[in-house]
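Quick heads-up: structures coming right below.
Common to both upcoming complexes is chain A, partnered first by chain B, then by chain C.
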Partner chain A sequence: MNDMKTRGKFLDMDTFEAVRIDNVSKYYGAVAAVKDVDCTVQSGEFLTLLGPSGSGKTTLLMMLAGFTTPSEGQIWVDTKDITHVPPEQRNFGVVFQGYALFPHMTVFDNVAYPLRLRKMPARQIRQKVEQILSLVRLDAYADRHPRQLSGGQQQRTALARTLVYDPILILLDESLGALDKQLRGELQQELKALHRQLGRTFVNVTHDQQEALDMSDRIVVMNEGGVEQIGTPRELYERPNSRFVVEFLGDSNLLPTSLAFGGTDDPSRSALIRPEAISIGASDTKPTGEDQMMVRATVRSTSYFGSDQLVEVALDSGLTLRVRVNSAHAIPIEEGGSVSISWERRNLHLVDN
Partner chain B sequence: MNPDFTSYFWKTVSLVIAFFLAAPAIVIIPVSLTPSNYIEMPGVSDFSLRHYHELLKDNRWTTAAWDSLRIALLSSFLATSLSLVASIGIWRSQSKWSAAIQSALLVPLIIPQIATALALYSIWVQTGLYDTLIGVAIAHAILAVPFCIVTISSSLSNLDPRLDKAALSLGASHFRSMWDVLIPSLKPGIAAAALFSFVLSWDEVVVTLFVASRSVSTLPREIWNGVRENLDPSVAAVSTLLILISICIALVAWAKDLSVRAKSGERQ
Partner chain C sequence: MTRSQFAYILPVLLFLVLLYFLPMFKIVGISLEFPDFDLKHYVKLYESNAVRRIAWTTFVICTATTIITVFLSYILAYDLRFASPGRQKFMFMLVLLPLWTSALIRCVAWLILLRQNGLVNEALMFVGAIDTPLELVRNKIGVIVGMVHFLVPFAVLTLYASFRDIDERLMQASRSLGGRRIDTLSKVFLPLSATGVLQAVTLTFVFSLGFYVTPALLGGGRTVMLSEYVSVSVLQTLRWGLGTAICIVLAVLCIGLVLLSQRAIKRWNGAVA
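Presenting the complex of A and B:
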């Protein structure tokens, strides 16, 4: 089982089927930073660990990287137990928060470093580094030092340094967190393209739900050290299984079931309806189909965002709902005005209270 | 109050304090230039370099200078490299004991030097290190280690621990990470520690008196002997040279520091 613990030897695998996090917990004193986490990383996928700060996502990533040892449970690469394999023998790649570029080395030397450690001949190193630098569009910056680079260039250098030795698993710790919004968007697209192009396996840690929804094949939502839900972005958004996931991912309205479906109330559950699934119409609009639920409401406030606007309406019961209206289909909406709002029953999703 | 006056006032106070600190050292310089055979101030126009000539001729002084230099270099190397490894070990360790270990390493600072000297004497005699060059160098290194640890640890506290982790994740051993990543980033702190321990050994006399006798002699020790045996102005000449060398080392370090700052400034 511990046949890979031989010192000085890299994890000797070119590919794998799955990395399995098997009932892993990490305690600091009496505090559980990570508690009973079970999850599997499939080969080739882009998996995101998403959660608020303190949810244990970074601790879990550091256990994958080997810097933190689980208090309980194992981590497997296929049938090999790597729980106690030190980080320098895992042959994983880690892009750290803040990038951790070596300040005294040029971009070229930073990227060449892992290859030099692997004793690759100099000519091959040059070729490989130049190839990867052009992949991340940094060919012109090879002789610069990290402090002479912008945030985005530093991020790409760190990524190049990680990709250059073809690690079987690439771990990203909030690697876009420090950048401004527009740059973050651009780098998200680049990273997505790289993932598709290289077919490598990525595990990304973030607290940014938009980043998670946009980039991931699957998302692991974490809260207070445990896993709340695992699924594709669409599954999590449309069929969240807890109030936490509802409130953490996207904008939401939670309605009593009697109001949402009509009929008797189920006090143990609420109905989720997303703001963009609610339509807004003139107060005298009539329901158009069997599946449609319609109620009268008063407009509380509106916020205009260009492509859409967010309208807050109050029902007669006092409940307020958020409605997102596409600017292309908007009717005139005035604060204080009467409107009718409606939704389709099939767009409702039940969540336990 | 007039700001000009305040500024002049504090400048004057600073100068007076600086003079007060430097005066004993400065007095020795004219004394070394006296033409007479006794330690005394020379007349106003009565300077001579004869005692410096005598120094160069007397192999007692040249041998002592050579021993001093070798001991200072060796003890500086020992103290700096040991402190470097110890500081990095403490810095890397996430153990709750690391703070306690760091404090323990600083304890020699509060032990009276004479007690350390006595202890070293008895151990060196038993182990055969007594009156050997390497024995004196190790003794000096022991005195210097706490200073080096303080200097290097303060450099380390400014270093991003993720640099070390990044090197490990790329496949470096702990040793390679220290050699390739940590040491280059700690250069200024290491240089300061090396300089500090060199100077500490260069003018150390108390411990040297205890752990060496005839076969090893450092410059400060020879000065000590010279003062006790015959009050000869060549002692003043040696002291002057020691002061000048120390000032030169300090100036080199200062210039180096300035150029490093200028360089990092222009790259910002």
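Presenting the complex of A and C:
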């Protein structure tokens, strides 16, 4: 449904389905870990399954990988139903949480493992492994054992091990989760570059919204086993279709429609305004345009982050709003001070309550 | 160590000194003809044909028992490792059940099953697989059967404990990379279980060296192992020097084996994990 609309917008190449998840559910007893998930993975895209823990994203990934069998529904590759095909016959690659590198093998042997299983001649194996190791900049580490590698090197080894046999689909299970923040950022960029360079299809699972927004062509937001919304990062951030997506992705303010637009209130809906879309001015500022809404407010608290600061203001109605102020255009803001805040109506987005 | 800490371990220490170390010293003393320092019993051990024959029998039986026990236990422990929690509970109960039965009763039970007109022979003759009863007890076969039965639970528990440390995701990774179950077992699980196997082999072998009741009953006096020979030397022929010398050799052998296997395990772990 949603992905039909966006198909073709996010990739400049001719897109076609790599994998289709067709109404898949997984029950453990009476509990649905995944419920009626319908979604396609486009060839060459980087798709992220994003959700809090317990949202079913990992279960869905394990069903794609073949380690978990769906209770209902099918998974298709082209016209082939692979729902009951065991993992070793799917020709997918999985980068596991913790990487699951074989501790008794060197980096070279780890990467050569899938090729040896495919009975490739030794000379060809050496050539392919060396080529892929230099691609992930690990050529100097071929003879090391996994325990002698840093977290980032282990991650790249695991990636090389899945890239080396040209799988249809590469599945990443929170594969950046265990790393510290800076390293994670670096690896995100590296992975993004690799994805561009190789044009492979990736499905990534994460609970980190920044990672999802930064890396993905499209994001599937999951909640309580179901799909909340599918779309590009920009679509999800600017036009979320549910309160859950609003609250899960980024910082947000939800206003009653009467306040947001002026006029009568629509109790069934709220207006979303992002903190960075609100301006803050001196208390005697006058509205400048037709589209602008302006109200008086009192500054509750401020938090300074360097590039910007987060200001919490209280309206006369008691409602508090979060405002993100770019440090370069900031007016002096004091806690307890009186200010006027304003937003453009076109930056509002309606969400069902 | 503070004074109060010392007070806590004092009872155990006393217990060990009085009931373990003192008798051990006494045994060493007897074997060396204390207060002399005479190695004649050890020389006799080396020269005696009877001791040599019995030592060889013991070695053959213990080796066979160890191989069979660890092989069977490996299969059981592997199945246990990947069984569902409910089935695991049930299997554990079946594995541990024999431990609560006395060795004597188990031996008698095997005697009844394996003797000339026992259940096994009768059944085999009934279906026509054999014409004359097989010799299943009062020989090495009987001893090995009884010892394997006794040792399997210990080996299963040792192996299971080490299998549990093998990350299941490694097996999943192998499968996702295209490995069939047999590839995954032979190229990933088996190498990673090597230290567990070594532990189980050491435990089983060391344990089997000291078996007394089982060989005495199921060997029927014809298959004599070292510990039974010690008992005969001490209680019947009253050759205490010889008996204690065998004890010391066995004890040193056991300690040596344990130390050796520990070193090998440490080296292996240093190399992989």
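One rule holds for everything that comes next: the second predicted complex is superposed on the first by the 336 of 353 C-alpha atoms of A that agree within 3 Å, B and C clash if a C-alpha of one lies under 4 Å from a C-alpha of the other, contacts with A are read in each partner's own complex, and residues count from 1 in each chain.
One rule holds for everything that comes next: a residue touches a chain if its C-beta (ideal position, glycine included) is under 8 Å from a C-beta of that chain, and two chains touch if they have at least 3 such contacts.
This is a predicted model, so every value here is computed, not measured.
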| item | value |
| --- | --- |
| Joint occupancy of chain A by chain B and chain C, clash or fit | clash |
| A:Gly98 touches, of chain B and chain C: first, second, both or neither? | both |
| Which superposed partner A:Gly281 touches (first chain B, second chain C, both, neither) | neither |
| Which superposed partner A:Gly54 touches (first chain B, second chain C, both, neither) | neither |
| First, second, both or neither for A:Gly44, with chain B first and chain C second | neither |
| Touching partner for A:Gly151 - first (chain B), second (chain C), both, neither | neither |
| Common ground on chain A, meaning residues reached by chain C in one complex and by chain B in the other | 65-67, 86-94, 96-98, 100-104, 113-114, 117-118, 145, 147, 161-162, 165 |
| Touching residues on chain B, where the partner in the complex is chain A | 160, 162-163, 165-174, 176, 180-181, 184-185, 267-268 |
| Chain C residues touching chain A - in the complex, by the definition given at the top | 167, 169-170, 172-180, 183, 187-188, 191-192, 271-273 |
| Interface residues, chain A side, partner chain C - complex | 65-67, 86-94, 96-98, 100-104, 113-114, 117-118, 145, 147, 161-162, 165 |
| For the chain A and chain B complex, residues of the former touching the latter | 8, 10, 65-67, 86-94, 96-98, 100-104, 113-114, 117-118, 145, 147-148, 161-162, 165 |
